[in-house]
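By letter and in written order, the chains are A, B, C and D; residue numbering begins at 1 in each of them.
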């Protein structure tokens, strides 16, 4: 099929190549024109503006956006809304907040434009070789774009999840689970690292991937990480986070769900961003106040 | 090889069959003689006492115990200690506390008996078809029993982990990670269940197993569970636990490791054992005391 | 001084009496006219509409609202906004979200109306006999209303906290701390309740209030609760929550603060609202899938 | 009364002075003889060995030990056990584990020596001017020593808690609550410190101590700490811990109590002891593995 892929970051670039491999005609655009040029040498049809994108597609146009959530997506959708025709289709494959997706989808619907909120998982490698896609939007029109998803996902790797917002909501929860799993694995290795034993972490993660209940893609990635740097000496333990873990916790709060493990996984990431904490200062000061316990001076 | 498997519970029974399939001569014993009879019809050599076990093996004897951790293992090891000869080998494949394993191993060493603490993962199905084994004990003698592990584990599914205790310690941490992963997955589905969307949980777990970062054995089991009971209506949310999660948290405390996710996963299990809590009563009473907020009467 | 108190719920009613005791002329109004009648017998000047309130005050009018946060406050402020004159003053003493207070304050400012967001603590008893007030809004005009706060608070019990929103923000954090403290106390008594000892909880809370580091108003209230019902047998452990704890956690997330104890205190409240959980069902089902562990049937 | 106070650390020294003030004859001993000399100038009767202590007391002797929990207490009790006579009384006012106290008490009972496990709270200032005491041990003999507790505690500040171990168990739970309260307060100020407002922390803690639900001794100490160092710039946020918080969590685990807030308060203390964590390294490495997210190099 003929479609356009907007946004050539790590995920978008690889997904574009994946689409090309699968025989699609892919018009690519990015605000960074260098990326457009580069990918045109790999079989993509270049476009240097959204106007060019639109001119090169026939109605009903299919445009897959892979741009950062928030302002960039908002700007892009707003731009496309003015230029597209009724019947055209926008796929947001980024990590947008599901509430934004519902709002955008409803806005676009007024102009007759179809909108799909698609959560994608699988990382860069997945984008290139087969992603997992969770797709929310109108069920009727979904058939028109289903072959695209069939082609770029792994086998059984896509799911129509329901109405507007349900794709990004599901991806958000997916990332919440991911945070919890990652923190679980990491805490386990932290206990090992302070244990009286001298484990080889690569071997441990390898054996845990062969026949154990906790074998998982994340454990395979753990093995890969230890294979490169046996004790992760080269890495600082700063755990950044994108918006999705936070939204998952906020959704849990909105729905009054006790999700302590997902919440804590996120909060330990925040904790890791600080060398010292005000919480710590207050507790240390209090111990000194009542018990005369020494504090460490700054 | 010729060896004995003691303890024909769910794990032991299946592991014995696995050993037999792999061409070993397996003398089996259990305090429940019915189990011994039953498995003898599937190729095992029956024994109705530990004396009979010992008589049917030649030195150096190899005895693999798969009995419940704690008292049962203590009694069995103590019994064997008096009856075995120097050079004989005991493998504890149960979920013993690593501190007990170190103590037992050192005691047995005084009598010249070799002891291996082996954490096994893979569940019942793994026991039957290929487990994952983490093996602590003397490195030198390990070679004598390595072929057994090679035969009953999945490919790359065993690891010699170091000195006495290191096998059960690793399994303990494995279970801590398992608790965290399970709770993470479960919280995710809890959020889904209260979301404004109407997800089919089996489909969700299926797509998450195809190309997503959180694809894992546990997610496959999740899919299996939802395939049997789409909304788990038939199951009460009581989360029991064996000792290992608790020991993992205790070890984290001993080593001053912050392992909040593993700790919380365990505590939410404890919470699930109670219909009502004293914590809840105190907080409800306090809200009433200062704010006149209504309490619900018992 | 002459002022009006709008909203005669538990807090507002008692605060009105407190204001009257302090010699103020208090015009009271509530949508429930019965409350207005009742309090008029205790010295309040009745008003049966906001128009009547406004007529009975001279500019610059001072109106203190004690109505539920959210819709009720929004409606009242919106109503007053149309009827008041420049220079008039609205005090929101309810538990509004600080973001709403900033928005409302800025809107009112455009019409020349001064707005103060006042977090009040102390419970019903405090409202009657001396509250604690955290006051955000314009510093200049604050002097005009300071005598009111001086009169109805305990000694040293009010603080001008800074610009719009700072009062309600501080109250929100106050409540986050309150949640954490209450949960801490409650968990402690839960441990006692399952201990091998047979403590008398009233005596315990009493001794903890005399010379111990954890002596506190909340512990006094704990003592009071146990004095009425020695084991809280009559109370169900359902821990409801108002919005403030949730907003405190959301603010922590927004500011990337690790506040695990406040977050968990809230989540345990959510947990207490459910007899059974979907989280529990998923974990129980998984244990059954891999370990054949029995599940409890619903 | 005549009694001996062993152990002249911060708590013991001040308690000895308190006892002297109350008119008791106090024989003091410490392994650090300088301390003994110093306090003898303040009215204490010096002793430079436990033998001297015993010689200066008549049966039934009363000996109050205020030495560090663990080895020091073990050694002291063991020493006294051999030297004391039936009917003599040992009071352990330190922070011993209640299981040790039960064991010691039972051992001493065999020799006819009475043992009391006394949890003391109130900090250094309390030791000097009035502590809070939770007293476990034989009820019958308690009457003999009750006047001592009556004299050195604040009004209503002592409680006979039940059999052996119940005093130290109660103190352990007290400290668990204390950890939770401290962390709650500290998290609140951490949120304030990252808020858009510019609060004066001393004023905030002061107003929170006047009429607010969270007014407490700990909040007064918070006010004191901010009075000395307005932003705690001079203090590093390292939160050490003694054994009691850990034992409280372990007891919760033993009794299957969900005590997430107490557990997390402890774990955040452990987290504060590390500049970087292995947990953080693993999560950062995993994010890099699947998402190509940059890691910060060490």
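The rule we apply is simple: a residue touches a chain if its C-beta (ideal position, glycine included) is under 8 Å from a C-beta of that chain, and two chains touch if they have at least 3 such contacts.
Here the structure is a predicted model, which is why all the values come from computation and not from measurement.
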| Can you tell me the least number of steps between subunit B and subunit C, where a step is a move to a chain it touches? | 1
| said: From the C-alpha centres, identify the chain that is farthest from subunit C. | reply: B
| request: Find the geometric centre of each of subunit B and subunit D from their Cα atoms only, then give the gap between the two centres in Å, rounded to an integer. | output: 38
| message | Taking the mean of the C-alpha atoms as each chain's centre, how many Å separate subunit C from subunit D? | response | 34
| message | Using mean CA coordinates as chain centres, what's the gap between subunit A and subunit D in Å? | response | 48
| note | Multi-chain contacts in subunit A, i.e. residues touching at least two other chains, fall at 123, 183, 185, 187, 190, 194, 213, 218, 252, 256-260, 264, 268, 271, 277, 279, 290
| message | Applying the document's contact rule, which stretches of subunit C touch subunit D when the two form their complex? | response | 121-123, 126, 130-134, 153-159, 161-163, 165-166, 169-170, 173-174, 176-181, 183-185, 187-188, 190-192, 194-199, 203-204, 206-219, 248, 251-252, 255-262, 264-265, 268
| Where on subunit C is subunit A touching in the complex? | 213, 246, 249-250, 252-253, 256-260, 263-264, 266-268, 270-271, 273, 277, 279, 290
| query | For subunit C, which residues are in contact with subunit B within the complex? | reply | 10, 123-125, 182-183, 185-187, 189-190, 193-194, 218, 221-222, 224-225, 229, 232-240, 260, 264, 268-269, 271-272, 275-293, 295-298
